[in-house]
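One structure, as structure tokens, below. Some questions next.
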Amino acid sequence: MSWLPSLITNTPEDGYNLALNLSRMAVKMTQPDDAARARMRPDYSNNADSLTMASHVVATNFQTVAQANGYWRD
Amino acid sequence: MSWLPSLITNTPEDGYNLALNLSRMAVKMTQPDDAARARMRPDYSNNADSLTMASHVVATNFQTVAQANGYWRD
Amino acid sequence: MSWLPSLITNTPEDGYNLALNLSRMAVKMTQPDDAARARMRPDYSNNADSLTMASHVVATNFQTVAQANGYWRD
Amino acid sequence: MSWLPSLITNTPEDGYNLALNLSRMAVKMTQPDDAARARMRPDYSNNADSLTMASHVVATNFQTVAQANGYWRD
Amino acid sequence: MSWLPSLITNTPEDGYNLALNLSRMAVKMTQPDDAARARMRPDYSNNADSLTMASHVVATNFQTVAQANGYWRD
Amino acid sequence: MSWLPSLITNTPEDGYNLALNLSRMAVKMTQPDDAARARMRPDYSNNADSLTMASHVVATNFQTVAQANGYWRD
């Protein structure tokens, strides 16, 4: 089973969660070691700029997911 | 009730506020501890580059919301 | 009266000014204290990278405004 | 006469130059003092990351200009 | 044989992998020395901001690939 | 002869190379001195974040070129 079977989601909130997941997956693929990623968590989760940067990636992925879903207009 | 029931808003200003909310939500999901986020506030709210970075995320999310709403053309 | 009644402008130059305004508004909403923002001005207005970052935000917002206006093609 | 009468250009190269101009105009509007901007020039023009950041802004504005011109396809 | 024969992929997951590859290729073309790139790996793979920046590039390329594929809607 | 006669390329790989060229041209126009640019090369080509930033610019320009070419779909 693929971790990304589709970009289509039922709701905008599900789409936002998918955008979060897409953002994290690139991190995971660049640093596959779970322990290494866990060690970094206190750093970025307590640094405002790091959180803003993460939010920017989510925003970029959310553009893609929202467009794929026709912005859930109906 | 979803925190993001729809991307459709009545006015451009409402759409801008939604873009702000989308930007903050990714921060909240990465750092869910309210106290931790409050501790960072004096840092980024008094740093010009931090504020510019935050404004960039809002701009990216506003692109999505504006397109979803057909730019409120009528 | 809304600060953002519409994304439609008469000219590209007006659209660019609106993009500037959209970029500043997110800063204002994150740091509403006028005096605090004034204190930061000498920092970023004399730092090339800060100015480039600010210009990037304007460029992102100008994409939105230009598309809303059909690029003022006629 | 407006500094930005139109986004339409005759050629892709003219469009690229317009994108450069759009990128610089936001800097100029944020720091209108010519002498202040001149003082910063040696800094960013000899710093690779500063130049890359500047190139990113141009790329963002070139997206807008290229789309306005239908990518000069004919 | 081209390293980039097409932007079309069978699945969203394949498209995401292509976006990763596009992101890495620009790095490779700017620093073609394999050993030099290998030396940098411990730095960025253990730095949260570096990983976030890398994820942003993937998100930007994924926008392109997803649009090329009509978001794999059917 | 223009350095940018067209955004149309025969293949995705040619389009990617054009995106690279667009990214470098803004750097060249901001710092026209060949020797100055050559001096900076060891810095950014051995710094992971600098390379990631450069890759982001290429990704942004590749969006433009890919769209201009209808994603080379046929």
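Each chain gets a letter, A, B, C, D, E and F, in the order it is written, and its residues are counted from 1.
Quick note on the criterion: a residue touches a chain if its C-beta (ideal position, glycine included) is under 8 Å from a C-beta of that chain, and two chains touch if they have at least 3 such contacts.
The structure displayed is predicted, hence computed values, not measured ones.
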Exercise. If you check the contacts of subunit B and subunit D, which chains show up for both?
Worked result: C
For this session: Please report how far subunit A has to rotate so that its Cα atoms sit on those of subunit E, a copy of the same sequence, as a value between 0 and 180° in steps of 5.
Result: 60
For this session: With chain centres defined as mean CA positions, report which chain is farthest from subunit C.
Result: E
Problem set entry | Residue-number overlap at the subunit B/subunit C interface, same or different (half cut) | different
Exercise. What whole-number Å value describes the gap between the mean CA coordinates of subunit D and subunit F?
Worked result: 15
Seminar exercise, completed: So, in whole Å, the Cα centroid of subunit D is separated from that of subunit E by 27
Problem set entry | Where subunit C and subunit E are represented by their mean Cα positions, the distance between them in whole Å | 31
Exercise. Hey, what residues on subunit C touch two or more of the other chains?
Worked result: 44, 49, 53-54, 56, 60, 63, 67
Exercise. Chain adjacency by touch: line, ring, star, complete or other shape?
Worked result: ring
Exercise. So that subunit B leads and subunit C is second, what is the order of every chain round the ring?
Worked result: B, C, D, F, E, A
Seminar exercise, completed: The answer for subunit B against subunit C in the complex is residues 11-13, 16, 20, 44-49, 51-56, 58-60, 62-63, 66-67, 71-73
Seminar exercise, completed: Listed in rising order, subunit C residues that touch subunit B in their complex are 2-8, 22-27, 29-31, 36, 39-41, 43-44, 49-50, 53-54, 56-57, 60-61, 63-64, 67-68
